[in-house]
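What follows is chain A paired twice: with chain B in the first complex and chain C in the second.
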Partner chain A sequence: MTLFVLIIQRLLLGIAILFLVSVLIFVGTEILPGDVAQAILGQGATPELLENVRIRLGLNESAPTRYFRWLRNLLTGDLGASMVSGADIGQLLGERVWNTLLLAGVTALISVPLALMLGLLSAIKPNSLTDRVISVVSLSLISLPDFLIAIVLVMIFAVKLGWLPAIANIRPGLDFFTVARMMVLPVTVLVFTVLAHMVRMTRTAVINVLSSPATEMAILKGVPRWRLLLVHALPNALAPIANVVALNLAFLISGIVVVETLFNFSGLGRLMVESVTTRDIPVVQVCAMIFCAVYVLLNLLADIIAIVSNPRLRYPK
Partner chain B sequence: MATEKDLINALHARLISRREFLVRMAALGATAATATSLLSSPAYAKTPQKGGKITVGVEAAQAKDSLDPTTYFSTANIMMGFSVYDSLVNRGPDLQPIPWLAESWEVGADASEWIFKLRKDVLWHDGKPFTADDVMYSCSRHTREGSESPAKGYMSQIAEMSKDGDHVVKFKLSAPNADFPIVLSDTRVQISQNGYEDFVNTTIGTGPFKVKEWIAGSRYIFERNDNYWGSDGPWVDEIEVIGIGDITARVNALLSGDINVMLELDPKAVSLIERNKKVDLIRSPSGAFVNLAMMLDREPTNNADFREAMKYAVNREQIVKNVFKGYGSIGNDHPISPTDPYYCADIAQRAHDPDKARFHIKKAGLENTSIDLYASDVPGAGSLAACQVVQQSAAESGINLNLIQPPADTYWSAVWIQKPMVVSGWDMRPVPDLMFSIAFKGDSDWNETKFADEKFDSLLLEARSTVDFDKRKEMYCEMQRILHDDGGHITLAFRDILDAKANNVHGISSHPSGPLGFYQFARTVWIES
Partner chain C sequence: MNTDGPSSVIKKLVSDLTLTPVICLLVLAVVVIVVLFAPLIAPHPEAAILTDESFSLPDNVMLLGSDFLGRDMLSRLIFGARVTLSVALTISVIAFVLGCALGFFAAVKRGWVDSILSRSVDALISFPAIMVALIVISALGSSITVLIVTIALIDSTRVFRVARALGMDIVVQDYIEAARVRGEKMGWIIWHEMLPNALAPLAAEFGIRFTYAILFISALSFLGLGVQAPHADLGVMVKENMQGLLYETYTPLYPALCIAIVTLSVNLLVDWFLKATDAALPDEL
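Let's turn to the complex of A and B:
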């Protein structure tokens, strides 16, 4: 029951945060120099043409009027249209949301189990050869910037060997094999990027638990090593691990602009950056809302996992 | 005058017939044997093949891309426009107007009345015949109330349009303009269908390709129009245009075969293309240029000695050699390139002269004073690097330039025609009149140097109504001299247009007016299987 109340509380708080973020984003884009009319016309702008565009887009109205109109439309389920292309935002987002989820999902499916496994392997015997190799490799990978890894992988596997495509130009109607081939390089780069963080957290959390008196008790009791690790240590270490995994997943949804750009992957991150450069506020707003919601929900999920896995949190005093 | 290379390219792109090629080569002084041997060399003797798919990698696919000719935004956008639409008048590699949707035209009494006869065999993609109403409607879309078209300025010279039957359009201009046909070859004056206004997801054109899928900012696919009126092409089944923002990714995509044509190459990447045998460079010497714009109406660039100092301080050869890797040519501080028939060869080339620069900067009293130069790559690849070269060569003469790199997304609105000295750039205009009118005429909105010279403006108007080439050239020569001496314009370099393609792709010509055969490669491109 308390868990249920907590979820409701957090969801309401999430909505408040979304609202706040929308105000911040709107104010932020207002502060930026230049507006969508100037962005559309570029070098071709004249005062007369600018005025015509501003009238068409309703940019001459005051900022609060525009914000509340946007909010009202949003609450009635109308995402609005892109100021720049006139395209329906729902339609604009549809495919990109799917692409982003696909990329993030596949990366998570590979990186999360891999990270847990490597983290546990490291934690079994801290400072052993295995632990050191895992640490060195994962830390080296996170230290190399993702664009460098991406460029090197493309040079080798796409340009020199010709095994994989250099760009991931995913669109509906492609068969599974083609999409899979396109995904290999971007997913590899992303796995490298997010892996180390999760491995290190798993290792630290598990080592922490392993050094606790309860573990000592279990060892003295004669619990086998694998059982100790999976049944005793891991559940207790789950809360911090879940938090790190949630943060990395949220990063995979919102923060992979560099990888999207290098592989020409049509995802949400790039859409948001491009919309900021053209001051296409409605699109920026919706992207920001999605990213914010992802962070709120994933963090909520991580907290729920922490509570469920820890009886002490389930029954607060 | 077309050079031998232009003719070869024109032949290659099938803009001219084999017979015309032989005749025009003879006119250039080539022996019949040379011309015939060129014809039979493997590259030009091949006949185009139907089929295949072209994937073009462009700099960006943006939400701003549009199928509405009045709101074309980028180079890639214009190129896609030319695959679905035709213009009334096309432009040859020698910058002369070529009949296109209009099969011929006549000039009225004093170059202020023009009569265009339209082709009768043209069909829209939806099967309707093409008529005078389509032409009148398309032209009026640029000038009507609320128009956002950058072509509004020069299309407004049309005072009246009327038709005579379905295939004759008469234009009455507000003032004589001997260049009117070439104005109609502008990249934004493409002909859309009468009454057609909803360009969001698709459109109807008369061009060599039909829109198969158009999602602004993400996906553009075109399929062959088998009912195209032209006899030569289109050949390929499908053209897809994808935006690959990162230059390295774009070159890699070409090298790995994910794309087989690449629009606009950064000079920095040329060596990657030249080293690889699977791809070819397409080079088009052009009148497109990168320049410094010094505003004449504000400090410190209103000081004539300062401007003179800057003009002598710029090392033009070094910019062409180091920044543009030799793919360009030097200018003479006016916008007309040596390839232009109206180029004035009588004006002495201004050279890099540190002593004169030092003399003038001292006279201006600005020696070792920090002066801002706004530099960016927004006006074209290489313009930032060119400014860095200027900064260095100016320092030799005691000119202390402070290089500022403003944010790219507001360069045109917050920096250009706002700050006293900025780097700018222009695509080639087919005739001097268009370049002078847009960027140097006293009352133009795009007069980036705030240049205002009565003599210059009156010569501009006078030349418009002068049909005689020599007399006009004399006037344009005088105007080039005025700009060279008194203007706030420093030509940093004329840059070649560079594109690239896979080596089994043929039929893309080189054209001074724009990349990929003046944006129109879609019609003539074919793939050798």
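Let's turn to the complex of A and C:
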């Protein structure tokens, strides 16, 4: 089987999963007791009013019809309107998508290299002092709720020292320096929350590679340590590490939701929490779809990296 | 697989008992006692407003000061921990029973049963957990039942994978074949042969699931989407006292620390347990 065919296969699988995700999101929000019309109009709804709203929203049609219309609108960029404020969802998303991307991007840029470095460092000499310190610290970090780290950092750097703002309500028109200052605390909290998992998984992945006969052979050959790590071990560990990074996206996403709410950050996560609170189903659907799509696509990317970097995966057993 | 009898495992556990696991065990013992006897131990009722001062400083009446409404923070914490821990425990038990039963079932049956179960779990796992929770809550609201069932279902997918992987390793052993030849029923085989042999890694997994459930429900409560008034768990208490940060009080820190103390103790115990029993969890997902 050629590499090309395999990658096409994965892409098709990814599209199938995305389709499935969209069906589940649609169904998930359809199990609402009563219907959207009831939810919009509330208790005082008369039957005539209900009927009017149902016709206007097309609720009298069958579920599959409504699903495909929703999907078609979504794909053509018509995201619909918020049930609560009536605002256009596309406009609601605009700034927020970029803000969240910025937050996630900066976090990834800092945490991924840092995690790989720490993971490698502790995997080189398992059970050394460095390894034990890194293990204990990362295990502790995993155990802490995201908001604890945030509260401690806010207490120290915003309240006591007054160095950084405690809220990060970035909005258009702010200069770069202000935005950067606002981003420091949220990004730090997020780095802490994803770092620990990534370090632990990288350590496991690298130790597995280092214990392989190929690495042993290289050691016996007298290959220098840096060469052993960078030329022999790292390429082999690339596939599991790509997987580790993709898997940690799940932690990053839940971290983003909490951190955005905590720091009053105008992003997709906070929008979603607010919409869940007000039960603004159309907005919840679109936000969930965006988060899930990014998650699925990046996992797909990790899969493809694994196939490209590890020829053994090209020949299924 | 560990072939030693239970007594030697316990000996190994005791001999590996360093300071850290001892402290963790003590901490958890204290927490369990406090939570079980909350009404006897808490100095004040959880809802009683004792002062009109928000975030009053600790004194003899209120050891940790008052919360944003002037209620005793210490009593709030004790009752809040009770809610958090009982909800998390219920979630992990349901997730475990469901995940283990289906995981072992898939491992024994294989074929189309395994395919259907594994693919369903794959489908659920293709969502980030928090998204599943938010979607369900937006549709059904956040009653305790909805929260417990949803998080248990999300959690059971991971238990399923672990149980299935462990089961797959056990099912090919000779003693299972022997039991099959003897004509034992599948339920018997799962209960008497598979479960005991997978017990050590499963116990460790239970600890991990339990901390995960605590963190998950606390995060949802912190977002205002978890436990709803009149009940309050530790996550709610962090949220409702957040404004205290502006007054330079430590109030919101206390509930967050309570959560961290429990989750950290459980995780350190799991670590000790895994090392001592030489058990390994199949892949770290």
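As a convention for this text, the second predicted complex is superposed on the first by the 234 of 317 C-alpha atoms of A that agree within 3 Å, B and C clash if a C-alpha of one lies under 4 Å from a C-alpha of the other, contacts with A are read in each partner's own complex, and residues count from 1 in each chain.
Methods note: a residue touches a chain if its C-beta (ideal position, glycine included) is under 8 Å from a C-beta of that chain, and two chains touch if they have at least 3 such contacts.
All of these numbers come straight from a predicted model, not from anything done at the bench.
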Touched partner set for A:S140, first chain B, second chain C, both or neither:
second
First (chain B), second (chain C), both or neither: which does A:R72 touch?
neither
Based on the superposed arrangement, let me know which partner A:I151 touches: chain B (first), chain C (second), both, or neither?
both
Under the stated touch criterion, which partner chain does A:M272 make contact with: chain B (first), chain C (second), both, or neither?
second
Of the partners chain B and chain C, which touch A:T261 in the superposed model: first, second, both, neither?
both
Name the contact category of A:V159: first (chain B only), second (chain C only), both, or neither.
both
Check whether A:R227 is in contact with chain B, with chain C, with both or with neither, and answer first, second, both or neither.
neither
Under the stated touch criterion, which partner chain does A:R132 make contact with: chain B (first), chain C (second), both, or neither?
neither
Between chain B (first) and chain C (second), which does A:E95 come into contact with in this model arrangement: first, second, both, or neither?
first
Under the contact definition given at the top, report the residues of chain A touching chain B in one complex and chain C in the other.
33, 151, 154-155, 158-159, 166, 261-262, 275-277, 279-280
For the complex, which residues does chain A have touching chain C?
17, 20-21, 24-25, 28-33, 139-140, 142-148, 151-152, 154-155, 158-160, 166, 200-201, 204, 247, 249-250, 253-254, 257-258, 261-262, 272-273, 275-277, 279-281, 284, 288, 291-292, 295-296, 299
Chain C residues within the chain A interface of the complex
123, 126-132, 134-141, 211, 215, 218-219, 222-225, 235, 238, 242, 245-246, 248, 250, 252-253, 256-257, 259-260, 263-264, 266-268, 271, 284-285
In the complex, go through chain B and note every residue touching chain A.
62-66, 71, 73, 146-150, 152-153, 200-201, 215-219, 242-246, 248-249, 252-253, 255-259, 407-410, 412-414, 416, 445-446
Where on chain A does chain B make contact in their complex?
33-34, 38-49, 52-53, 55-56, 82, 84-87, 92, 95-96, 151, 154-155, 158-159, 162, 165-167, 169, 171, 261-264, 266, 271, 274-280, 283
